[in-house]
Structures are given as structure tokens and as C-alpha cells.
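Let me give you the structure first, and then I'll get to my questions.
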Amino acid sequence: MDQIIDLTFMGSAFPRIIEAIPTTLVLLCLSMLLGLVLGFILTVMKVKGNKAMVLLASTYISFMRGTPPIVQLFLIYYGSPNLLSYFGMNVDRWDKMIFAFIAFGLGNAAYLSEAMRSAYLSVPSLQLEAAQSVGMTDIQAFRRIILPQTLVVAVPNLTNSTVIVLKNTSLAFTIGMVDLVGQARMVSSAAFGAKNLEVYLIAALVYFVLCIFIEQFSQFLENYFKRKMGQLR
Amino acid sequence: MSNPMLQLRDIHKAFGTQHVLKGINLTVEKGEVVVILGPSGSGKTTLLRTVNFLEKADRGSITANQFTVECLDAKKQDVLMLRRKTAMVFQNYNLFANKTILENVMEGLIIVKKIKKKIAEKKGLEVLDKVGLADKANAYPNQLSGGQQQRAGIARAILLNPDVILFDEPTSALDPELVGEVLTTIKKIAQTGVTMVVVTHEVSFAKEVANRIVFMADGNIVEQGPPEKLLVNPEKERTKQFLSRITSEKGSTDFSN
Amino acid sequence: MQFFVDNLLAIISVAPVTILLAVTAMVIGATIGLGCAIIQIYKLPFINRLVSLYLAVIRGTPVLILMFLAYYGIPQILFSLAQSTSLNISVNAVPPIFFAIIALSLDRSVYLTQAIRSAIQSIPNGQLEACYSVGMTTFQAYKRVIIPQALVIAIPNVSNLFLGAVKESSLASIVSVVEMMNMSNIQAVNSYRYTEIFIIVSLLYWGICLGFEFIFSAIERRLMKGKMTV
Amino acid sequence: NEDGDENQASEEEAEVLTVGIGNVIPPQFFTDESGELVGYDVDVLKAIDDLLPQYTFEFEQLDLAATLVALEAGRIDIADWQFGRTAEREETFLYPDEPYDVGLPILITHEEQDELNSLSDMGGLTMAQMPTSSFYTYLTGYNDENPENPINIQTVESLPVADAMDMVSSGRIDGTIALAGTYNKLADEMNAPTRSGDVIDAYGVYYILEKDNTELKDVLDEAIRELRESGVIAELSEKWYGLDNFAEYTEFTGDQSFE
Amino acid sequence: MSNPMLQLRDIHKAFGTQHVLKGINLTVEKGEVVVILGPSGSGKTTLLRTVNFLEKADRGSITANQFTVECLDAKKQDVLMLRRKTAMVFQNYNLFANKTILENVMEGLIIVKKIKKKIAEKKGLEVLDKVGLADKANAYPNQLSGGQQQRAGIARAILLNPDVILFDEPTSALDPELVGEVLTTIKKIAQTGVTMVVVTHEVSFAKEVANRIVFMADGNIVEQGPPEKLLVNPEKERTKQFLSRITSEKGSTDFSN
């Protein structure tokens, strides 16, 4: 214990841990994709739907935001096969990735829908009226006028969600999917847990780099959308 | 009444308990320019907005170029149809914040009229030139002066070439030079058969541009008639009262001639 | 049934810990977040750089690790401080929940910075100008006009982050704070009936979250006054 | 099924059983450098699998909670997480009669505190334990019986033994409890200034099964008995723990019953 | 030049490459009402905004009531001080969206002038009554018509009782009746010694209200003088050109007398 950090160990553990990056990234991307699509639908239900749709969307959002993600993961991984087998579907052999991304995507959708709703709220109603007065349909008005203006507000919050999902993906290890943290824990346990610090340092470093990429990308998008509104010269 | 281009029947509108429009009936012929005058808060903007279904009237029907919509059970499709027969110039301009001035005026052409981008751009630049904004084509609305934004709003509506254009105080931010130009423009457009309803506060502008002036007060049409008649010889007390101020003012300020 | 009730009561008994963790983390996080957001909006030279660095570091670090760092790191610092100043600071007297709150607050502050910044920037510049024109200081303008309007935009995101914090607080168990998740694990170990325990704890979390959601949407409705949105 | 006289055929038609098993607790189950799941539990399961032509085991790596939820949901057939046996647990799950391992928890303290040997020496001192570990109940049990001089228990959700040993070394806590075999292995790996005290308890370690799966229970019982008698288990124990667990157990309890 | 209340020296301002103010020098005496006229886009709004430091000038200095601020190295405290000596009425009103009309006008009193809420409320209601908005005191800005918002903006500025009030087209959304009232109000305030700079497009209004008219074009002050002089007998070609439109228009429209 003379040395706090065992650099040689870190050197050898590093390549093993970064092996898991693709798993983490694929899981992240699929969850975000599902979350965005479903989140968008939820937002539309909540701001444009009738009473029943608002209630449905609100209940869904409340449940997904209100229950622990690990429970949602278990529900999907253990609950859905039983449910689906009633309908004669056998999903036992499906890859864990499918269950994991569905679970995270469903949960993520609730958060994303609220982020989108807030962005939508930030656009003055006058902009919609201007679009309508030109004769645009609601969809055209949304796509060409409202959406581009929501993005400036939405991007920072969507980035938040992305980073949070990135970190949440480590839950997939409970069902045996070897993501970054999972790989780190396995590497650490192979050393009898004696190299915890080193291994977590590597994982943190990888997260750090991934987050920097996400942040840079989001910064780029935000500036792009701002420039598109003449807010940046 | 051969062939009215715009016909409003019994339009009512209330905000909460406040009755803002109390049964408006108005018929406008093709190519006619009708000016609505009236004190602040009398419901002029609200009336234009209900015609464009930006505000849904509580009662009444709207007919534009033979196409009638009952306000209360208007279907989405009907509303869209109606809106495409009309265009609106807003009191506060309402330009698309995420688009340049050129894109603002082209937008309707490309999206609604499905005109090719190249052609739309050419037309857009033409109309911007006409309102003196050629050099601002690539600026965003938040980089324009008030008068420039207002002109862009006018250009956007004109370019759509609709049956009816609704102007809500189109000259409020314009200096007299430009008012003159807008006047000329509106007259020219009227000659091509486009119908126009103009809300304005500038009596002299009204006098120049209108075929007919409608005087509104407190949610009602008080009286209407050709400008020579209504402005000089109004029948109703309320109209007289409104106009007395103007003439007295004008009298006292006219030391230019 | 008895099992259900017993466990429910046991977990409920530590619900205040969970709520305390989430609420304090959000309050401290929002304070830091507001500061960082304003520094970023005004691009204050130099400290803007520092803030960016802070945000990048905390954002890139999983809460779990923040928790470890706070739990093991702060005592180290205090310890050497105590030695160098020969003050009598006892680290062991500090309850672990303190470290958990620090870690959670830092974590939330990053996301709150973004949420607050985007909301403030969505308020038209004319509003700030109007404040200035009546002679308000920037601080007064933010307090009376800008922030109240920005809150409407921020609330859905703040509520996202708050509800996230309620559940994120379960990580405090890593530094031996007994909150709801930790308690359910303690309860589950005797019977191994994780399924039931998870149902119980989920219902409880949901209940807590529903309560806060209700508060947030009430605030949102209140603030919507005077707002004209699509 | 026909009688298994054709070996290949029965291999192919062998029923697949899914085993839910952990992967981060060495030396029982963990992944080696090449990413392979290895450990005492894994080897025992493989030996059982070899004995049973009618079954093929498949491992599903899950954490503790997930394993138990999976078993209840019917996603796995056998759960292997170094389970101890309590009456309460037996209400929900089915335990085989035969343990495949035995647990010998020992007290670990700082090298210099050799006066600390049993839990009764720890009154007033601080010990850290995961609440999910069965060792936690030793501490709470002790405190229930000695309310006048309780152990100060720190609950930590995840505490690898190595970390606990670090905490003991640095004096942050005064002691912890670990399995003898785990401690032996670790003491070789790290050279932390720690020592082992007395054996605190000895108990059987079991698989657990779905409540109504008595058929599998019988098969497993027989296989485990056979492996113990043939000395395979003793061999594996030496290999992974550096001691013969069952022999130590006999010494500690004076008999071989696991009731 | 006894005791100028507002003095602008060599104010320059550019947006990107566009030079919007090209060295403005202007002195306004206490109690004087100066009207700025000029074509759209000539920099009038920008000038008012730089005086209030909403836009920071690139060069020059501003003196208000003996207090001088160099634009380039203005400290926070100076800017605040300057702003408290002035008030502004915006071209697009800029009411606080989260506050009712009454709260809008009270805000400055309570926060900046530290006046007790009770008293501020009484004063607020008084001034709202003066501009005809007493019944809208508890409405939010988005529930008001254009003219109502504009009047609320004027009320907010007046109530602050500053040394200098800057009006940016205060009558653009007002009907002639109300224009007359604003005129009276401004004159009354001027008598109490408050200095005013008014940007407007309404020449008749300018003529009535101004002690002096400043004609701006293209970022420069072209000429200035009393209204009788500048409007009737301008010296510069550019001024003549600007005014010719108006007089010709007026001439042709004056069939009321």
C-alpha cells in the first residue's frame, strides 16, 4: 500500500475496460432514440390532446419519473416476457440489449417529453399565429416555425438527459449486460476488489471524455440554432 | 349585392365576461378597400383576428370568396381553406423569429403555394425591393428597426396574393415618406382586384386609401360610408365625437398651408 | 399481508431521509446552478472558464464516484487541515448524510445550470431592457421579472431533475446512509422477497414523486399567468 | 424422453437450465483476465452439469436482487449467490438439503489489535457491513442481545472485502467480517496490515430454486452428495479457498449436519 | 448654454459593419421637449437606446442632469445612475409579461424609488386612470389591445418622474382621440420641468408638442430648429425631400376645412 494508485495496473486494465464502450454507446443511442420518439408523442398528447390523452400521458410520465429505473428494467426484463407469452410471443432468447434499451427508452421518454414541453412553452403564441395567417397547416407551422425555435431552449435540457442516460446505462449490469461500469467492476473483482480505485478512475475518465464529446456537440448545436435565429452574430 | 368577397355575419366574441364584439355584420366587395376606424380597445384587432380564425368567434359565420365557414363548427380543413384565402399584417409585425427577412416573405410561397424555391426567391427579393428592404434580405427580424419589420410584414402578406388582405395598423411605425409608399402599394394592389380591410388610426391615410370607412366603437359598427361622407358629415353622435378631436387638432396644426 | 405492511412501515420510516436528500440537493444545486448560469450567460471573463471546467468535471463524473470522493476525500482534507492548524476537527463526528448531500448537490448543480440558463435565455431581451429603463439593477431585474418568467420554462425541467434526485438519492446508501433503497435492501435480505419489496418501494417512490409533481404543476399553473404560449 | 442409451442424442436433447449467478465476488464467482466466468461456485456447477446428462447449464450473470427477481419471474431455474438458509427465506424459495459450500465468517481487525477476537470484543467499536449480506444480521443480532454495549454498525451498500480491509487498515473502522476463504485469498494479494480473529459462525451454502421445483431439488441433492463423497468438492475448495471448507466446518461444529 | 439637462457628445454606434449612429451631438435644456423626426432605419430608436445604455455606444459621452458618463468606460454604478435619471417608453411597449398592468406601473416606484406599496398603488391607479386604463389595472399585458399596452408603457415611464423621459413613437398605436390626450399629458409634464425626447412619425403631433425638432437621416443629425422653422422652411435638401411628401399628402387630403 505504499503507492495510492497502481499505474501499471491501470495500464493493463485500461484496454479491457474500454472494450465495453461500444455496448454503452449503443445502449445510449438506442435509448435516446426511443426516448425522443416516444417523448415527442407524449408532448404532443399533453399539449394538444383531449382530456383523456392528457391524463394518459401525465400518468405515464408520472409513473416513469416516479419509480426507480432499476424497477423499470426488471419490469421489462422479467415482466414483459411473461406478459408477451400470453400472446404467444417468445422473447426469452432476445438479446439483453433489446430489453435494456426498451426499459431505458421508455423511462427516458418521460423526462424528454417534459424537456420538450418546456421548450415548446417558450415559443410565443404569436409565432404560431403568424404561420397560420400565411395559411400553413398546423404540421407545417410546427415543422418550419415552432420546432426550430424550440430547439434553442431544448438542446441544453436534452443534453442533460443524454448525460443522465449515459450514466444510468450502468444499471444494465444488474441483468448482466457488460457496460462500462460493469466491465470495470468485473476487472476490479478479478483483482479481488483491491484495485477499485484504479478501475473506477479509468471508468470515470472514459465517462469524462464521452461527456466532453456530448457537451461539445450540444454546444455546437445550440450555437447553430442561435445563429439560425439571428441571436448570435 | 352582386358578388361580395368577404362577408361577416353576426360575429360575437367575448373574453371571459368582457363582450368585445357584439354582433358584427360587414360585407366587402371584390377589389374594395374598407378602412376600420375606432377608438383603442373597440375590438378592431379582435375582428380581424376572428376573420383569420386566430381567435375563434363565439357566434356567426364568415364567407370569403364564396366559401362560408360557420364559426362554431368550423372543421380544421375549413379553417385552413379560409386562411389560405386571406393574409394578415399584424399590429406587432409577428415575423418568424427563426427566419431571415427573405425567408419570411418566401415561406408562404414555398410551403403553402408550393412554388419552386428559385422562383420564390426572385419574387421575394422583388417585393422586398418594393418596400425598400432589399439590403436587409438576409437580416433576422431582431436586427431590424420597427419600421423595417412592419414593411417586411406587409411584404409577406402581399406576396401571398390572397383574395383578401387584412391590415392591422400597417403604417403605425412608418414615417410619412413610407406611409405614402404603402398607400400607393395598396392602391395598386386594389386595382388588381384584391380586397382589403385596413385597421388604421391615421385618418388622413384612411381618407386616401378607403373606398368605404367603417367606424367601430365598443364592439359595434356605429356607421359606415364613403370617406367624403363619413369623415365630413357623420350621422351618429359617437362618430362626431371621435372625429371632432381630429379636426380640431388638424385645424390648429395646419400652418403648413 | 403482514409482510407487506411491516416492510411498508419500515421503508416509510426512512422516507424523510430520502426527501431530505433530494430537497437539500436540489436547493443547493439550484443555488450553484443559478450562479453558474448567470456567469455563463454574461460570459464573465476568466470565471466563465472556471465554471466551464467545473461543469465538465462534475458532469463527467458519475454520482457514485462523487459520493466516494466526498466520503473519502473530504475527511482527508479536513484531517490534514486539522493537523496543519492544530484545530480539533473530528471528521468522524460528521454524519455520512453530509457527504451524500454534497455529492448529490454538485451533481444536480450541473444539470440545473443548463436548465436555468436555457430558460433565462428564452426570455425576450425586451423584458430585461424594460427593467433597466425603470432603473432596476440587474439583480432586481432578475429577481422580479426575468426569473419569474424563466421559471415557467424551467419548471418542467426542474421537476425532471428533482424527481431524478429523489431516486438518485438511493446512491447515498453507498456511504451508509439508510434511505429508502438501502432500507428495502435491508428488509429484503431476511426474506429474499425482492419482488414484493421492489413493488413496495416503487409505490412509495411514486407516491413521493406524485406529491412533488403536484406541487410543481401547481407552481407552473400559477406562473403561467400573463404568459402567452403556443 | 427415451432412456438415455444414446449419449450424443441425449446431449443434444438435454434440457437447458439457466443458472442465475453473480460475477463480482471472488473467489466464488468472478471473471478472469480473459473475461471468462470462473470461481469455486462456477466449478462446482460445472461438475454438477457433468454429472447430469439430462441437463445443460447455462449461466446468466446477474446481481443479487436481479437473481432473486428472475427466479420468482421464472426466468432462471437455479439461483447461485452463496445463499445462506433462514426460515423466512424458505417460505418463498425451495432449498436443496445439501449445501455445495460452507460459510465460515471470521472477524477481521487491524494487525495491531490482536486483543479483538470475537464479536463480544467489538462492543462500542465501529464495524461496516453491507445490509444485503447475511453477516449484517450477526451484527444486528449481537446488538439486540447486548443493548448496553452495542457495536456501531455502518451500513454500506456495496463493500467489497478488499475495501473493508482497507478501511480496517486505515482505522476508519475497527473491524469487519469476511469469509475465511475470501480473506485467505485476499491476504495473499494485498499486504494490508490486518489479521483474522475467531470463526464467528459456520453455515451451509445452498442453491435456491423455485418453490415447486422438487424434481430438480432431488437431482441436485444427489449430485452434490456424490461430488462430496468423490472428493471433488474438497479439491475445488482447496483450489479456490486454500483450505477444505467442509473439513473446517466439521471441526468448528463438531458434526456434519447442516440443520 | 446655461444648464443643459441632457447632453450627447459624439455618439457613435455600429452593428457589425453597419454604422448606425455617426457622431450624434445633441443638447436638451431642462423642461424642453425635443422631437426627433427621420426616415425609418435612420437610427432614432438606436439613439434613444444608447442614451439609456440598453445599447452601448462605441464612442462618445452622455450627460444627464450634470452627471456625465463616458460610454466606453462606464462603470455599472454610473450606468445605473444614468438610467435612474431617465425613463423610456418603448416602440414595442415591453411591458413586464409576468405582471399586471398596475404592477407594471408600480414596479419602478416600489423597487427603485422604495416607495411604500400602499402609496405606490394609489399613484399607480391614478396614472392609469389618467391614460384611461383604470378598468384594466388587473389585466395582464397579453390581454390588452395594442393601444392599451402603449398607454400602459407611457404610464409606467411617467410615474417614475425622472429628469428625462425618452419616448419611442408613443402614439403609434393610438387613435387620434388618445393622441390628443397624450399630447396634453406630455405638455403638462413638460411644465413641471421634466425634459423629454420624443421620436415620432406623426408630424402634426411633433408640431404640437415640440419646442424643437431634430431631423435625423442615415445616422446623422441633418438639421434642427423650432417646428415653425424646420417644418415650414427647412434648410437642407434631405429635410425638404422628407417633408415634401407630407405636405403634398396633407394638401391633397385636406378637404375637411
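Think of it as A, B, C, D and E in the order they're written, each chain with its own count starting at 1.
Keep this in mind: a residue touches a chain if its C-beta (ideal position, glycine included) is under 8 Å from a C-beta of that chain, and two chains touch if they have at least 3 such contacts.
Note that the coordinates shown come from a computational prediction; the quantities given were computed from them, not determined experimentally.
Q: Going only through chains that touch each other, how many steps at minimum separate subunit D from subunit E?
A: Each step joins two touching chains, and the minimum needed here is 2.
Q: Could you tell me which chains make contact with subunit A and subunit C both?
A: The shared contacts of subunit A and subunit C, listed by label, come to D.
Q: Where the centre means the average of the CA atoms, what chain is farthest from subunit C?
A: B
Q: Among all other chains, pick the one whose mean CA position is farthest from the mean CA position of subunit E.
A: Looking at centroid distances, D is the chain farthest away.
Q: List the centre-to-centre spacing of subunit B and subunit C in whole Å, with centres computed as mean CA coordinates.
A: 51
Q: Please report how many Å separate the Cα centroid of subunit B from that of subunit E, as a whole number.
A: Each chain reduced to its C-alpha mean, subunit B and subunit E end up 27 Å apart.
Q: Compute the distance, rounded to whole Å, between the mean C-alpha positions of subunit A and subunit D.
A: Measuring from centre to centre gives 36 Å for this pair.
Q: Subunit B to subunit D: how many Å between their CA centres?
A: Subunit B and subunit D have C-alpha centres separated by 83 Å.
Q: Among the residues of subunit C, which ones contact at least 2 other chains?
A: In subunit C, 181, 198, 227-228 touch at least two other chains.
Q: Quick one: which residues in subunit D touch 2 or more of the other chains?
A: Counting only residues that touch two or more other chains, subunit D contributes 65, 69, 73.
Q: If I count partner chains per residue in subunit E, which residues reach a count of at least 2?
A: Answer for subunit E, listing residues that touch two or more other chains: 92.
Q: How do the chains pair up in terms of touching? List each pair.
A: Final set of chain pairs in contact is A-B, A-C, A-D, B-E, C-D, C-E.
Q: If we count contacts the way the header does, which residues on subunit A are in touch with subunit C in the complex?
A: Touch residues, subunit A against subunit C: 47, 62-63, 65-71, 74, 111, 114-115, 117-128, 146, 152-157, 159-161, 163-164, 167, 170, 181, 200, 203-204, 207-212, 215.
Q: How about subunit C: which of its residues touch subunit E in the complex?
A: 126-127, 129-137, 140, 144-145, 148-149, 223, 225-228
Q: Touching subunit E in the complex: which residues of subunit B?
A: 15, 37-41, 45-46, 91-92, 132, 143, 145-148, 151, 169, 172-180, 201, 203-204, 207-208, 228, 231-232, 242, 245-247, 249-257
Q: If we count contacts the way the header does, which residues on subunit C are in touch with subunit D in the complex?
A: 96, 173-176, 178, 181-182, 185-186, 188-195, 198
Q: State the interface residues of subunit D toward subunit A in the complex, per the touch definition above.
A: That would be residues 23-27, 30-33, 35, 60-63, 65-66, 69-70, 73-75, 160-163, 166, 169, 185-186, 189-192 of subunit D.
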